Amino acid sequence: MIHWKIGTAALLCAALAGGSAAFLAATPLFAQETVKLELWSRQDPSGPLRPGNVIKAAERLNKELEAEGSPKRVEVAVRESPAKGFDDDALQLLKVFGIGEGPDIFIAAHEWICAFQEDGFVLKLDDYITKYPQHFGTIFPTLWPSAKCPDGTYAIPQDAEARMFFYNKKLLREAGYDAAFVDAMPERALSGDLTMDEVLEIAKQVVDKTKAQYGVLHRPNKGPDYIMVFQAYGSDFVDPATGKLLLERDKLTAAFGWFERGVKERVIPANNTAMEFDALRKEFYTGNAAFWMYGIWDLGSVAFPTYGLPQDEKAFFADWGWIAGPAPQKGGSPVTLTHPIVYAIAADTKEPELAVRLLGHASAADLNTDHAVTTTHLGIKPEQLEDPRYAKAWPLAKATELLKITKFLPNNSQFGDLNGIIYAAIQGIESGRLTAEKAADFVIEEASSTLEDVTVK
Amino acid sequence: MTSIADELTIERRGHSGSAARRRTNFVIFLGPAVVLTVLFFVVPVVIDIAVSFTDLSRSLRISEFTTEQYEKVFRTDRRLSQVIGLTFIYVFGTLAIFNVTFGLILAVTTTAIRNVSGSFFRGVWLLPRMSPSVLYILLWLWAVSPTEAGLVNQVLMQAFGLDAPLDLLTSAPIALIIISNGFIGASMGMIIFTSAIRGIPEHLFHAAAVDGAGTFAKIRFITLPALRWPISFVTIYQTLSLLVSFEYILLLTKGGPFYDTTVYALYVYRRAFESGQYGYGAALALFLIVIGVVVALIGWRFFDMERLLQRPRIEVH
Amino acid sequence: MAKIEFRNVVKRFGAVEVIPDMNLVIEDGEFVALLGPSGCGKSTSLFMLAGIYLPSGGELLFDGHIVNEVEARDRNVGIVFQSYALYPHMSVRDNILFPLRFKKTPRDEALAKVKAAADLVRVAELLDRRPSELSGGQQQRVALARALVKEPQLLLLDEPLSNLDASLRLSMRTEIKSLHAQLGVTTVLVTHDQIEATTMADRIICMRAGRIEQVGTPDDLYLRPSSLFVAGFIGSPPINLIAGEAEAGTVTVDGARFLVEGASGALTVGLRPEHLRIGDTGFAGRIAQIEPMGREILYVVETGMGAVRVLEQGSSAGYSTGEQVKIGFLPENSLVFETARQKLIAGAHVRAPA
Amino acid sequence: MVTQHIPMASTAASEPTVDWDALAARARAVRRTKAVVLYAFLIAVSVPIILPYFWLVTIAFSAKTGVAETAVLWRSMAVFVPAVVAFWLTAALAQSRRQLWIGIAAVAAIAVFAFVLSVGPDLHLGNFIFLWEPDFASVVRSRVGEIKGAVQFPNVWHAFGNSILIAGAQTAIVVTVASLAAYYLSRFQFPGRSSMLRSLLVLHAFPVLTLIVPMFLMLYWIGLLDTLYGVILVLVAFELPFAIFIMKGFFDAVPWDIEMSALTDGASRRQAFVSVVLPQVRNGILAIAVFTFIRGWEEYIFVFTFLIRNSNWTMSLYMYWVRDDVMGVDYGVVSAVGVFYLVPSLILYMAAQRYLMQMSIGGVKG
């Protein structure tokens, strides 16, 4: 509270100082100047309030500016890009920046931020972040690494989530596992007692002993979830010493081996990557699959509204549940992945200060909670946990537990490309075109020939 | 005596007038086409050549001029041989099965039945060409969906008693891209062959019938010889189309599973757009342009396209 | 060779009835001509004989067997089309050889037959050419050779001479006729040219709007046309037709009068130009126009009943334009038709008033 | 005159007697088999094409959120297929025009009745909500719906208008420019005529889709990036070679006499082109207009790459977006958008179908 007051006082002083300076400079006091800030946003129904909150923030900032007596007013113009995914969007935006047509502010997936940083398109934020503690001071410290490149912070985390293995308790019970075992799985996963192969084993039991057709399903396109498996098997993809991409053949082979075994045991369908996203969900939520490797927001956006899963916490956990990515072997560490989306500011924006303040308001706890509860994403500030709406959205609170062990995708400018290669390799394994060893070879070969500075071990 | 000189000047004046008209006609008639084509077609190729000697990155920055891209094409890219092989299968498979053969079959069969029914079936086969690509491929995706809800699986499982749903996208991706492109490609051949068959004088068929030719003999001795030229045209034209286009494959399989349906043109696209290696993409594209131009010129010579040019029978401009 | 018979044959194209009811017998070895204006159904009849069109009703018989549905290739007919329909991508030899291909004739024998057929129509030296390199007359001969090489039992000619120039037409007429005499094959000629029909055919079938108007020898059609249509169609220059009302043995036509025997009521009198003579007797008129035609001269005479054509022998005109003349004729050369039914009244004659 | 030995006259007599009845029977059988085989073949190959489209329409009018009802498809097929067969039989058996209309009316009435009875209750227009509710995603997906205006779908009519604009402008330009160029190539002698035609074919060998980056740069340099004009001009250049080829074929087929008589009547060649030759190639113009329009209407990759803001969205992007799966696919709405997207193409195509069939690559016969 005191903190807050000091901040306000400082602001007021600054405003007064600014105001008198303007007056002294003989500029007409009330001549308003509209600062137009362009916001680049991917047309994305999974997070419509990412740009939406910035627009709302403009109102707040303008009130604040008015209070300060500043003649400036901010107007946000959204440029929505039709790109299909965050990777396509980033590539498109890089081109647009390349021809000097970039926006002032943009929304990106965090792992791309260093690609912008490398070409000098994005503004370094460390100083601003310390300058505006009222906006950024309480953001979970765990989230900041996702916004960092080797030499500093270049973005502001906009949200977080958790990726996990959802599972169908009913099917597991039908397959002969007792209720206690089934209910204890999340605990065991978190403690490192449940292993990746045990998941395959359980899934196999389900496929063999019940009517369910599938054991483990995962997304059918390039994305972050399956990276969890690689992280479980120890691949972090970046050499912590140099920040360069790092590929370790053994660890890759081990992770690919898990997929290979899954397919061989007929637990992961060979055509997983050929299926429609919605078909996969349908299989899982209608009880035809044991596990579904995806993210927490799927509950709010699909499971509840479309497939009518019980929205009541107790009722939900009676038949459904989720576990963190298990450890590779007993006693190992479990994993979960979060994939924050970030706000960033263009290096060449004319009003960096205003842009920062705008994003500061957009990161306000109440606005972020709007985003969080409507799309089932995790919040970025502890304040949000106290919001009754947030508390009511129990999946969020529950999933926040996983943040303790969460990992990120590496913030390497080439990771997006590498991820594409890894996805191709998974497709190769599942469709029977590659073995685990070959897949590792493929990834290493492709990455070394098309990417730069790849360390191979 | 002076009249000869007069005539000469008149003639000369006439010539210079006609030369001016010739130039104006050239500009009026060909000008717009030439300008548009050069600007939006030839210039990009020139830019592409320039780009292929740079390391143009995903942010469109150039830091150096280099021949590294070509070294990559010829030395380090191990995917390429597989991709070229697949392209060959795809182009010739689609061409041989659908664009020419099936187009021909459709043209022959639909002209052999009553005209109303014939145009109905031709209409059906034009439908894929008339549908927007995004929609057409969406229908394909729904049709071959590997679950029981997929249309193909519904039919196979309910009508033919198949046990488990088929997954054609994984098990037969090449066949799938050939068929989905072929459904569209066949209609172009069908249209051109139909109009060519209709151009054959009816008396030739009558004469052949009286001379003892059966259905197949009529096709062999009357229809096919008359279609030689359209068949040549469709073959060469569609070879080029198939070689350089990939939109349907991109939308249907994205080149997957793995690299199984990544034809050369799509490979260029994947390289350039999935990983932002524009310099490398340009070098690969240039390679494709060279192949395409060579194929076009060979086709020109082989099918004697020069015959397309009749000498104009009016000489004035 | 074959005897051909149409029994109540009907042909419809969709809702259009082209031939309502056709009955005709063509004797074995005969040369008949189907004559009529374009669109009268003569080519349709020919194509039914060839097996290109199927009759919609009735029966078509070859030698007493119904062949309605027999395929063209099984009928053993030869046909020459108006456009000749030579196969453009084949040499003359291959064109003539084509029908033998399907008869499975051994190669040597087939080539010998081609040679013979080519000799027959005198195109032997053209065998290696393409149809596009031939003149119209040559193409016509090749088409004839192709039709004959298979030794057809029936030869069909669809306006075979219409694309030739006048002199060639004359010589081809003779040649085709002599070929027929030589081969004795039943031949059906379709033509709209009455001279072609009368000079070549043994019998002429005159058709109109899908119906047979008259069947007979050229003489029959010329001298005893059964209807106004036939009378008007046969003969060149065309017959003079004068309509009038007969009452008490007298036909009154605008101002002029004829005496009539054996008919009454509304009548049309037909007088062929070549049967009229300019002289001292007959009905009066004034010469309006003179058209020299070589051996004959055609006078168009303005009379009380309109313009009358008179054909006089001789190469120089004995009269001049504007001259007042009288036109006479022999009563037995006059034809009298019933206007209402357009039919000839047999035995009726008219006589010019003295 | 003709005195050669004629073999045919002599051998003809020795010909074996012909069994005419057997021949007729065989001909009948052959004819029937041929018709049956032809129709069976054409029906068999056409069903795989018709069925998915039929499915699309069925889903668009029947599916409830997220779940495609396949039963409706099969039930409506059970009505549709016999109806088509009945129409066919009516058309084949009708003796007169009156009978035909009565027959068709009867079949249609029965079909409609059966249709209403079997699937009527399942049909609804709810999936077409996107036409009047721009924020339909919020409505369809209740969770997001708590905050209105959250989903940023552009208005479908806006995308529709953009697509019409692109396709229409492109068609107008291509038809004009291609007609001019094709006429000149077909009818004028000029140095480089042959190489000009050859380069048309060579242009077709350029992989346009892989030249996107150079095109992107070029459009930027001339200031047409992120404008509809840029996309239109690129599409025009892309379509021109084909259109010129086709139009040249049509011009080749125009008789020279017509043009010669126009010249002798005092027209210049330009006037002759406009007033005499152009009307002769009307079918060609219609054919390339339809193909070009469809090409512009469906364009996806160029608009995706060159149009950066969604104020420039076209139907293809809209369609692609609606079927995006981040929030779960609603098959009903996707199908409805698909039907909406397909209708203009279909109307155009129905209107022009008979002209399309006259497309030939002229110049030479045989």
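Labels A, B, C and D are assigned to the chains in the order they are written; within every chain, residues are numbered from 1.
Just so we're on the same page, a residue touches a chain if its C-beta (ideal position, glycine included) is under 8 Å from a C-beta of that chain, and two chains touch if they have at least 3 such contacts.
The UniProt protein names, listed by chain, are A = Sugar ABC transporter substrate-binding protein; B = ABC transporter permease; C = Sugar ABC transporter ATP-binding protein; D = Maltose/maltodextrin transport system permease protein MalG.
This one's a predicted model, so the numbers in the text were calculated from it and none came from an experiment.
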{"item": "Chain whose averaged C-alpha position falls nearest the assembly-wide average", "value": "D"}
{"item": "Inter-chain centre distance, subunit A versus subunit D - centres from mean C-alpha coordinates, in Å", "value": "43"}
{"item": "CA centroid of subunit B (ABC transporter permease) to CA centroid of subunit C, Å", "value": "55"}
{"item": "Centre distance in Å when subunit B (ABC transporter permease) and subunit D are each reduced to the mean of their C-alpha atoms", "value": "16"}
{"item": "Centroid spacing, where centroids are CA-atom means, of subunit A and subunit C in whole angstrom", "value": "93"}
{"item": "Per-residue multi-chain contacts in subunit C, two or more chains", "value": "71, 88-89"}
{"item": "In subunit B (ABC transporter permease), residues with contacts to at least two other chains", "value": "60, 149, 225-226, 228, 273"}
{"item": "For subunit D, residues that touch 2 or more chains besides their own", "value": "217, 320, 331, 366"}
{"item": "Contacting chain pairs - touch in the sense defined above", "value": "A-B, A-D, B-C, B-D, C-D"}
{"item": "Of subunit A, residues touching subunit D in the complex", "value": "41, 43-46, 48-49, 51-52, 78-84, 92, 95-96, 99, 101, 276-278, 281, 300-302, 304-307, 370, 374-375"}
{"item": "Residue numbers on subunit B (ABC transporter permease) that touch subunit A, as the complex places them", "value": "57-61, 72, 76-79, 141, 145-147, 149, 167, 169-171, 256-260, 271, 273-277, 280"}
{"item": "In the complex with subunit B (ABC transporter permease), residue positions of subunit D that touch it", "value": "34-35, 38-39, 41-42, 45-46, 49-53, 55-56, 68, 70, 74, 91, 173, 176-178, 180-181, 183-190, 193-194, 196-198, 201-215, 217-218, 233-234, 236-238, 240-241, 244-245, 248, 252, 256, 259-260, 263, 269-270, 294, 297-298, 300-301, 315-316, 319-320, 323, 331, 334, 338, 341-342, 345-346, 348-349, 353-354, 356-361, 363-366"}
{"item": "Of all residues in subunit B (ABC transporter permease), those that touch subunit C in their complex", "value": "201, 203-204, 206-214, 217, 221-222, 225-226, 228"}
{"item": "Touch list for subunit D against partner subunit A, complex", "value": "65-66, 137, 141-144, 146-147, 149-154, 216-217, 220, 225-226, 304-305, 307-310, 313, 317, 320-321, 324-329, 331"}
